Structure formats: structure tokens, C-alpha cells
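Two complexes are shown next, each including chain A; its partner changes from chain B in the first to chain C in the second.
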Partner chain A sequence: MTSQTYTFRIQRNMPGQVGTVQSHWQEYKVEAEPNTTILTLLETIKGGQDGTLTFRQSCRSAICGSCAINIGGRTRLACKTHVGAVAKDGVVEISPQKNQPVLRDLAIDIRPFFSRVHGIKPYLQDGPERAGKVTSTAYDQVNHVTQCIMCGCCYSECTMAEVNPKFIGPAALAKAFRFVSDPREGLKTERLQDLASPNGIWSCTRCTLCVDVCPKEVAPMEAIVKLRTRGLNKGINTSAGAKHALAFHTDIKQTGQLNEFTLMMRTLGIVGSLMETGMAIHLAKKGKIPSPFPHSVTGVDELRRMYESLERSPIDVETKAKEAVPE
Partner chain B sequence: MKSHDLIIVGAGLSGMRAALEGAKAGLDVAVVSKVHPLRSHSCAAQGGINAAINPNDKWEVHAYDTVKGSDFIGDEDAIDLMCREAPGIIHEMDRMGTPFSRNDDGVIAQRPFGGASFDRTCYAADRTGQVLLHTLWERLVHSGIHVYEECHVFRLVLASDGHVAGLVVYDIKTGEIFGLRGKGILLATGGYGRVFLSSTNATTNTGDGMAYAMRAGAPLADLEFVQFHPTGLRTSGILITEGARGEGGYLINAEGERFMGRYAPKKWELASRDVVSRAEQTEILEGRGTNGAIFLDLRHLGRDKIIDKLPQIRHLALDLEGVDPIDAPIPVRPTVHYSMGGIRTDKFGETPVPGLFAAGEAACVSVHGANRLGGNSLLDTIVFGKITGEHACKYVKSAQLRDFPTNAIAEEKDRIQELKSRPNRGLRPAMLHHQMAEAMNTYCGVYREPVGMTTLAEKFPGWRLDYERIHLDDKSTVFNVDLLRAVELRNLLDLGESIVKGALAREESRGAHFRIDFPNRDDVNWRKHTLAFWDEGAQAVRLDQEAVRTVGNPEYAPMVRTY
Partner chain C sequence: MTLEYAYYPGCAAKQIQREADWAARAVCQELGIGLLAMPRASCCGAVSLRETKPAFALAVAARILSEAEAMGKDLVTICNTCLQTLTHANYRLSNEPELLEKINAVLAESGVRPYGGTIKVRHLLWVVTDLVDSRTLKAKITHPLKGLRVAAFLGCHSIRPEEIFNHASNTNEGPHLERLIQLMGGVAVDYVGKDRCCGFHVMLSDKHEVHTMAAKNCLSAKDAGAQVMITPCTLCDMIMGSVQPIAEKTVQRTINLPEMNFAQLLGLTMGISKERLGISRLHIDPVPVLSSIGLA
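Then we have the complex of A and B:
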């Protein structure tokens, strides 16, 4: 491989007055082969050109999660990202993680992120739901999620966290799934109830960005979907999110299409729906209020058979392993 | 000034395990860590953790393997203690929530590791350290113990009676320099891999605790025993676990020959790490390598086994070397991996400085002697984290808070101010670090010869002068990594000097220390530990010796080490 000159366009951030950060972009030029990692080149710049450039790093081998930053428009681990793979016309743009307060340059304040993880009680708890024996397949689900290194890439890209900073976020929810799946956890149902609270599992919009950016293939969104399923199976269905999902389920099974007229009432209840009257009037004016009596679509029988087949043998997209959670 | 009963420095496996003992004892314990606990280097351990949990295995056999692996210089009382505690520790970690890999019958799975006479290494795929670290962090969160996160220690402070009084701490996030008082201090700061240029270690592994302990008067032991791991990636030095050989991986040279049979006819690739590293280095030196590397061949294991048992190393090989081990052998070479030496302690982790304790890689208990067996370091961290934590708690229960000499804080503030006020000329810390680390690799590597080591040892006074002339680009208070690197560099210089002086003094070959001019082990003169002290007057490291602690077990009598 031949080396070439790359331009690093790096967002520099310095704390200003209380609560503000002064930003500007600065360019550096480095010589490198395309398979050199971004972290190596950031070190080259810091050691040889500008000692003030600030970023976190530690293990260099994608297992400690320190160096997660925004590279070429995506949050990635700098230590496993090759410059050649992200440079556009020889330019690499680098900025800190999104959805997080910046301390300095590329270093964000990790405390808000970790306080959300603390919020899900990230430890095994004693209780009646604890299983005595651990079989060889008991961790098929757990293993997948324990690959998480808490780098925060998923939180940085999370579209829900962007609009709702109270959202617990994909990493913390994936961690929660780790305990709900563990045969040795004693309070699975209690956890599922907690997680169905506002800003929990039902807030995820399933945009899949967390799955795309995760450097450890944890697939947090799939863990969130599984938490929802587990919760519903346990009858935890009183949250708006759960009711919304159940309404979808019933309608599609019955007629093959949504009854959008009654959807809001079934999701939010009478009082909640009344709060949305303004929106309803707005929609009515535009002719967007659907019929309250939708008819069945053709081929709905086929659809019902698919449903029944899936209910008999659910597809496990995450691990392809049979779930083995003795409860 | 804030005070705690016990302050633990470092939040890796040993630091967090020790902290849990404090919580159990109902004491006010705090942890100071320069990184978030989950960023600790313990997470990088891949292969596994040894324990005689199989009914057909015995802790006594594990202990014998360890004594032999240590090349008969490990302290036998500590080795016996560690191996006896091991099964209990594994089951305890399991109960805490570690998802160990399991056999079909549900029992914790074990794999073979180098130098062991039984398949004794418990594991969780190839990320054992990570799951253990996350498990202990979960317990730490549960315990509510206060962690001073992203806070670096500048100095260990002693009271006028020589007892520990506390620490001077630097908050990396804010630049604040503050004192922290403690009745006892436990250093669990890990190893010093960054003394060398090519290393499997994290960039944070700068041996800070060791250097601070030495400057405070506690001796370091056996720093010359630097473990080289046989399979560091050629370009970056990043670790490829011994588990890869445990699962059946071969080492081959550039000619495609599986060469280990010539060096260890019985154990082949699963000989002890020092034996395998020397074999590789010999192949490379004799021209049977490619660009300074030989190869780890996993192709015959097949795609499924590689993906199932070694997923992380496949990614590392792909990401960092551009090689998919399913299709091609991985270029590897011996790379600095582990410090067998460290702060000298007894088997309970106590140092000669009153109130000062050490555990994990920072300590020299010494369970690894001249060469550590794979799978014993994770065990060391957790067993001695627990034992030392328990012992330190007992100690602080009857100890008093000492007067904290506040001028220590002022001195550190002045030192930092002076560093920052230097004009921007002269060496950057990174340049001086590179010079030293490169020379350490060249002259104090797998094979050591006297001229090179003497040349190296004589460079240290000059480097110390250079250190007084380094400058910082970064004068700011928030997240000043430049400053951090400069502070760490002084620690690395102290440790580098201890390593090379110890290696020059030890006129024999034992374990990881191989002298070309003294190729044999010399039990008559050298079955002892090297001690290193900081001589404040001479501004240099001074050496002494200490006998190995033995238990009188006739089976532990030194014999020729063959594999």
C-alpha cells in the first residue's frame, strides 16, 4: 500500500463562560497509509504537531471504549477505523460524540451517559425469579449483549436521545436486557415494569442507527424490541407504547389494516385523546381523518396464517440461538 | 480536606475487588482512577482465569505448575494461597454475574493454557477480562462506593512518622489539585508496559503506583522480569490471546514450518510464554520470519470454531493487520505484555511502608516469579484484590488519620505551574518517551546482552536532565492530556531505570530474563528477588536483594524446566 497525505479537519472545543463551549475547525495534514487507524494519526498529530489537541484513548484494541468519536459523520472507535475507509477526497472530518456535553475538543463529559446506565440498576439482583442452574445455552442471549463496552457510540447517534434527553438510551437498555435474560437475575418482572416507564423501552423509534454504529455488534435496538416482547408476554401492557403496539397487532390480525380512527383512543385513552383534539381538527380540515369502519383487505387469511406460524415458532433475529431462560 | 478510611488507587479488577471488601466491612472506602472503571486495562485480558475447579484437578497441582512456571523464584506461600483460593473466587465471580462459557452439562468450561498440566483456564469466549471487569463494576455501583473518576494521583504523601497520610490528586476534568487523606492506601494501578515501545498494553499503563511507592520509600521487586507475549500483532503490538493456541492454533515460520517442536518437543505451542517467545525470536533472528514477524495459523480450526471461540481476535486481526484468520495466518511477534515485578509485598499485600498496600499487576506478591503462566494474572488480580482489601480494612480499623503535610499540595501545584510556564521549545514529552521506549525495546528485550544494557543504563541520567527541559504545548486546566503524559513520563523513567539496572545485575537466565552471556539459571547465587529503591540524594535507582519465600514443600525443589 502506498502512503498519501490526509487532511484532518478537527472540531476544536474550548470551555468558555459557564455552560458554553467555543468551537472552531482546525486542519492538520498527516502522511499515512490507508489502513492506518484514526487513533494512530490523532496521536501522531498530538505528539508531533500540536500537543493541545485533546481526545480520550486507552486500550487501542476496541475493548475499552475510550476513543469513540465522530469520524466522517458517524460515531466510531478511532482505534479500529482505518483512515482510508472514512476519508473523502483525502479529508477526514472529526468531532466529538453527539447528544453529550463537551468537556474539551473531542472529549465529552461521560457522566450523564453513565448516570443513565446507573439508572437501570446495572447489577444482578436476588429475588424469587432466580434460576438455580445455568445450562450451556443459558447465555446465548446474555453473551450477545455483554459484548457492550459502553463506548457510547449508540447514544451519540440515537435520534430519540437527540429530541428527548431523558430517554435512557440504547446502551443502558441493552444492559438492562442483559439482566432480564440472565437466568440468575431474581427481579426480571420488576425490571420489565420499570423499563416500561416513560423514557424507557417504548420511547425507542426503532431507527436502527444504534445497530448500524455499534462497534461490537451488540444490536441494542433488538434488545429493546425483545424487552418489549418480554414485557407484553408478562402482561405489562398499560403504557402508551405497549397499548399502541397491541392496537397495531389486533388491527392487522383482524382486518389487515390499521383502524387509525380508533388508534389514538386505544393508545392514549379518552383523556389523552382529548388533549390531541387540536391536532384532530387540523387533520380533519385537511381531509386526513380516516374512516372509522375499515374493511378487511384481500388476502387477510394468508396474513393470519403467517401470524399464527410466527407465534408458534418465533424468529430470533439476534442470535439464531434458542432462548433458554428458565423462569 | 476530604478523608476516607481506605483509599484505593486504580479501578481495574484488583482495585474494584478490594473496594468491595471495604463495603463489606462497613468502612468509608473511596477509589481514585485516572479513567472510568470500565476503561481499565483489565478489560483487555482475553484468554481466561485459572482455577482447579474440576474434580479431577487439584489446587496443589495448579500451585506446582505455577512454582515451576515462575522458574522457582515465585514466593511459595503466596502461590499456595492464590491457588487454594482460586476455585472459590471463580464461583464467587459466577454468582456475582460473570457469564462464563459453559460445557453442555452446565459446568463452567475450561481450556488448556501454556505451562499448565491440566485444562484449567475458565473463560468467557475471548473477552474474559472484559466480562469480569464489567461484573465487578456492577457490584461497585451496587455498593455505592465513591469513585473519583478521571482523577490522576500526583503523589503519595507520608506523615512525619513515615505512615501514609494520603494523596495529592489531580482532577483531569477540571484541573483542580487537591489533597485526600486516608488511614490506609492501596495501590492497584497496574503494569508499566508503556516503558517499552512495542507492547500489548493500554496507553494508560504507565506504572504510576509503582513509581510513587518507590519514591515514598517502598521497594520494588524483580522489575527485570518483563514478560513478552508470544503473539502480539506485528504492526501495533496488540494482543492475540494465548487462547488461540489453547484452541489449537499453530505457530509457523516464513517457510510454513511448524517450528515449536524443535524448542518444546512435548508441549509445542503450549510451552511457557518465555520459552515460546525465545523460540519465535530465534526464528526471526535466524531469518525465518517475514518483516520481523512469524505467523499464528488458525486456518485448520475452521470458520465455525474461529467465529464461536475467538470472535474478538478475528476482528482484531481484520481491523489492525488486514488479515482474516479464517483464510490466512496472522503475523505476530513477541511483544511486551506483563510486569512480573512490582511493589514488594507480603502475601497479604502489605508493603514495608506503614499503611501502604498493593495488589494486582502493580504488586510483586510474588506469584509469578520470573515468568507468569497465562490465566494466572486475572486470578492474581481478583484473589489478591480480595485478600489485600480484607487485610487493609483490618489494618485501617485500628489506624488513625495522620496529619497531612499540606505543603505537599503546594509543591505539586508549583511543579505543574512551572511545567506550564516553560516556553514552547525543547522536547515534547512524547518525543522523550519515544526515545526511551525504543531503546528499552532494543537493549532490554527477549535476548539481553551486557554492552547494550550498559549503554542503555548510562542514558538515564541524560534523559532525566532532558525531562527537566521538556515543555507542554497545552497550558489549559480542562482535560490537559499533555500534562498527564508529562507526569506519567517521569514514572516511566524511574521504572525503565529499575528494569535495566536489575537486568544488568542479574547474571543468569531465568524465566523471561535471558542473558546471552549467562544462558543458564544460577540457583546458588540468584534464587532471590531484586529490590529497587529510589535514592533521593543520587537521583537514581539503587538495588538490593531479598530471599525467595519458601514453604519447605519438597516438590517445589528447583529442577530443570522442560516442556
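Then we have the complex of A and C:
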């Protein structure tokens, strides 16, 4: 492979008066082959051009999670990202992780992220739901999420964390799922109840960004989907999000179509729906209030039979993790 | 080559966002794309059904795919969430033979034709940009956008997860929506937020957050110089349209960025009438901007 010159456009951040940072962009030129990692090149810059450039790193092997930064518009591990894969016309734009306070240059304060993780009680608890026997498939689900290296890439991209800093966030929820699905955990239901509180599992927008940015294929949103299923199966269904989700199978069984009129009523109740009038007025102005009586699709009885068949004899369709093989 | 598809507009296009369905049909008529009705097709269930009744969700999707298969046609939709839901189910059913067998047993027992796993699920946007001959398309664009600055709002559920959409949407040529804007003679505005979330799926539970999301994305597009925004999704349409005026109050800034479905703007460039495309049903009137380039 031939080397070429890349321009690194790096956001420099300096702490100003309490709680403020001063930002500007600075450019550096580096010579590199396309498969050189971004981390190597940041070190080249720090070593040869500008010793004041601040960033975090440790393992250089995509294991410690410290080098997660925003590279070319996505949060990635600098040690796992090749410059050729992210440069646009030879330029690589680099800034700190989003949704977290910036300390200096590319280093962020990771504490808000970890306080969410600690908030879900990341340890096994004794209690009545602790399984006495552990089967060979019992860790299928646990294995799904234990790959997480707590790098924060997902939290940095999370569209809900961006507008609601109280949202527990993808990594902490994936971690919570790890404990909910561990056979040795004694307080599964209590956990599910806590997780269904405001700013918890039902606040995830399902934008799927965390699935795509995670460098370890943890797929946090899939864990959140499963937490919702587990919670609903235990009858934890009072939140607006849960009521909204529950409307779907009722409608599909009845007419085959989603009834957007009653969907609103069921999710929010009468009072809530009236409070929603902000939007309702805008829709009504354009003649867009849906009919409370959508037509049934042809063969709706088939849907009902499918539903009843699965209620009688449920089948497990959950995705399973590959068996963990020790390295 | 005649293009004919089993047409799955989705619940929103049948109720609140009917104009997207009208525009899709009008555009397809011009381009000679056949959209065949699926009378048996139910709601896809979205991610919600996957959460409440995961097995039923797969069975519902399989039943929809099976109807298309019986018609001998691939399925085409105009809703990103339907696209993701059906693609996700199709991906699993085609890659997990045991799962397909179990789901098909439920279908058969309920009097439904089992699914053979042979159907492709596509967005109408992909058909227009990838499968319609670009000369044919260009010839139909009689009223080009003359450099109009258009923000493409891609919508989460037609681009993620990459694992299931890789083949379809991550081509080196860039997102379909931006390519279409260029084909129509417009300029695709680059802005932060184009691949982020409209918030539709938490619209009723996290209202305030959804307003902030809508405002952020629209303002970012507007600040980058966008004169109009288009999306390939009836649900994004609903938020960026009907929520935008409310979001303006939340962030205390005027946004006033006309938003419409991609098929509506495409229809206008083809000289299809505003009435047929339901332009009057839009929440932010695009006529002032469009008339400046002789489009409305």
C-alpha cells in the first residue's frame, strides 16, 4: 500500500471559566498508509508536532474502551479505525465524544456515563428469583452483552441521551439486561420494575444508532427490546410506552390494521389525549384525524388463529448469542 | 423491463399521511411501475409487536411476505418502519431455517400459505433511484429543481441496522435520497442530523424530547441553507410536519422549513398537479419556495 498525506482537523478544547470550554479547530498533516490506525497517527502528531494535544488511550487493542472519540461524524475507537476508511478527500475530522462534558481537547468526563451504569446496580443480588440449577443454555442471553467494554460510543451517539441527559442510555441498559437474564440473579422482577420507570427502557427511540456504532457488536437496542418483552411478560405495563406497544397486537388481531385513533386514547387515556391537542389541532386543520373505524383486512380470522395458536403453544424466537469460547 | 410490485403502503399512509400514498401512486403511474394491491396484508406491527409478542410479530410478517410471494412479486413500501420491520423478519426467516419452519407451522395451522423465503423487501425510493433506468427518470423530470437546496432526512429505519441493510443502502454512491435530489436537479444540503431520529416512536411517551429532536434536526437543516426537507418515511413526515410548529414554541425560534414526502417533490418535478400530490395537506406551506423556481 502506498502512503499519502492526510489532514487531521482536530477540535481543540481548553477549559475556561468554571463549566465552560473554548473550542477551535486545528489542522495537522501526517503521512500514512490507509490502514494505519487513527490512534497511531494521533500519537505521531503528539510526539512529533504538538505535545499539548490531549487524548486518552491505553490498550491499543480495542479492549479498554478509553480511545473512543468522534471520527468523521461517528464515535469510534481510534485504535480500531483505519484512516483510509474514514478520510473524506484526505481529510479526517476529529472531536470528542458527544453527550458528555469535555475536559480538554478529546478527553471527556466519563463520570456521567458511569454513574448511569452504577445506577442499574451492576452486580448480582440475592433474592427469591435466584435459579437453583443452571442449564447449558442459561447464558445464551448473558453472553450477548458481556462483550461491552464501556467505551461510551453508543452513549455518545444516542439520540435520546442527546435531548434527555437523564436517560439511562444504551450501555447501562444492555448491562441491566445482562443481570436480568443471569440465572443467578435473585431480583429480576424488581429490576424490570425499576427499568420501566421514566428515563428507562421505554424512552429509547429505537433509532438503532447504538447497534451500528458499537465496536463490540453488543447491539444495545436489541437488549432494550428484550427487556421490554421481559417486563411486559411480568405484567409491568403501566407506562405510556408499554401501553402504546400493547395496542399493536390487539389491533392486528381485531382488524389487521393499526387504529391510529384509539392508539392515542389507549396510550395516554382520555386526559392525556386531550393534552396532546397541540398536535391534534395541527392534524385536524389538515383534515388528518384518522377514522376510529379502519376497515378490516381480508383474512383477519387467520391473524386471530395465528395469535391464539401462539398463545396456546408459545415458541421461543429470541436471538441467542454464540457460545463463548475462551481465547 | 416492467417493474411490478406487491405494494405495502403501511398504516400511516392509509390514514393520517394519505398524501404520501397518492404521490407514490401518481409517480409510479408516470414511471410505468405497477403497484399491485395486497388485500390481505395487515399492519406490520413495527418494533412494538416485536416487543410485546415476538413470535406473533414474525408470523404476522411471514404472512405479509407470503402474500407477496403468492403474487410472484417483490414487496415495495413507502414507510421506513415497515421497511425495517419486514426486512428484519425476512432476514431472520431466510437465514434461520429452523425458525422459518416453526413459523410456517403456525401459518399452516391457521390456514395461511407458508412463506418460502424468496421475497425481497424494497423501499420505493430504492426502486426509483436504482432500478428505474436513469435516462427514463430524467426524461420524466420536466420541471427540474434548478439548484433548489433540499435537506434529505434519511430516517433511522431505512439505514440501520447496517447488518440487514448493507446490500441495499450503503452503496458508495451515497444515500438514495441524496442521489434522488441530484437527479431532480437540486442540491442535497449536507447537515448534522440528516441520519438521526425524528422521534416518532416515543411521540406519545416522551413528548418534550420529541419536540426538541424535531427542532434540532429542522434547525440544523435550515441553518445549512435548506429551503425544503424531504423524507422517505410517512412517520418522519408526520413528526417533521405536524410537530414542527409545536417544536418552534419549545425552542422559541421560527423554523418554517417546508417538509414533504420524497414522492411529492418527485411528482412536482414530473409536472404532476399539486392536488393529486396532496400538497395542501402539508403543515408548512412549500408553495412560496416552490413557486420561486416555477414548480407550483
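By definition in this document, the second predicted complex is superposed on the first by the 297 of 327 C-alpha atoms of A that agree within 3 Å, B and C clash if a C-alpha of one lies under 4 Å from a C-alpha of the other, contacts with A are read in each partner's own complex, and residues count from 1 in each chain.
Throughout what follows, contacts are C-beta pairs under 8 Å (C-beta built on N, C-alpha and C of every residue); 3 or more make two chains touch, one makes a residue touch a chain.
Only a predicted model underlies this, so the values are computations on that prediction, with no experimental measurement involved.
Legend: residue contacts after superposition of the two complexes on their common chain; A:150 is shown touching chain B, with no touch to chain C. When the two complexes are overlaid on their common chain A, residue A:3 makes contact with neither chain B nor chain C. By the document's definition of touching, neither partner reaches A:197: not chain B, not chain C. Judged by the touch definition given at the top, the superposed model places A:110 against chain B, while chain C stays out of reach.
In the superposed model, A:212 lies in contact with chain C only, and not with chain B.
Within the superposed three-chain model, A:249 lies in touch with chain C and out of touch with chain B [touch as defined at top].
With both structures placed on the common chain, the touch criterion links A:136 to chain B but leaves chain C unconnected.
Between chain B and chain C, the partner in contact with more residues of chain A is C.
Looking at chain A, you'll find no residue that touches chain B in one structure and chain C in the other. Only residues 14-15, 35, 37, 46-48, 50-52, 54-66, 80, 82, 103-105, 107, 109-111, 114, 118, 121-124, 133-136, 138-139, 142-143, 146-147, 149-150, 182, 184 of chain A touch chain B when the two sit together in their complex.
On chain A, the positions that touch chain C within their shared complex are 73, 159-160, 162-164, 202-209, 211-212, 219, 225, 228-229, 232, 239-241, 244-249, 251-252, 256-258, 260, 264, 267-268, 272, 276, 278-279, 282-283, 286-288, 290-291, 294, 297-303, 305-307, 309-310, 314-319. Chain contact summary for the complex, chain B toward chain A: residues 35-36, 38-41, 43-44, 94-97, 99, 101-106, 124-125, 127, 130-131, 134, 138-139, 141-142, 149, 173, 202-204, 236, 238-239, 312, 315-316, 319-320, 322, 428-431, 434, 472-474, 476, 478-482.
Note for the complex: chain C touches chain A at residues 11-12, 14-17, 39-43, 45-56, 58-60, 63, 84, 92, 99, 102-103, 106-107, 109-112, 156-157, 160-163, 192, 196-197, 199, 201-202, 204-207, 209, 212-213, 216, 242-243, 245-246, 280-283.
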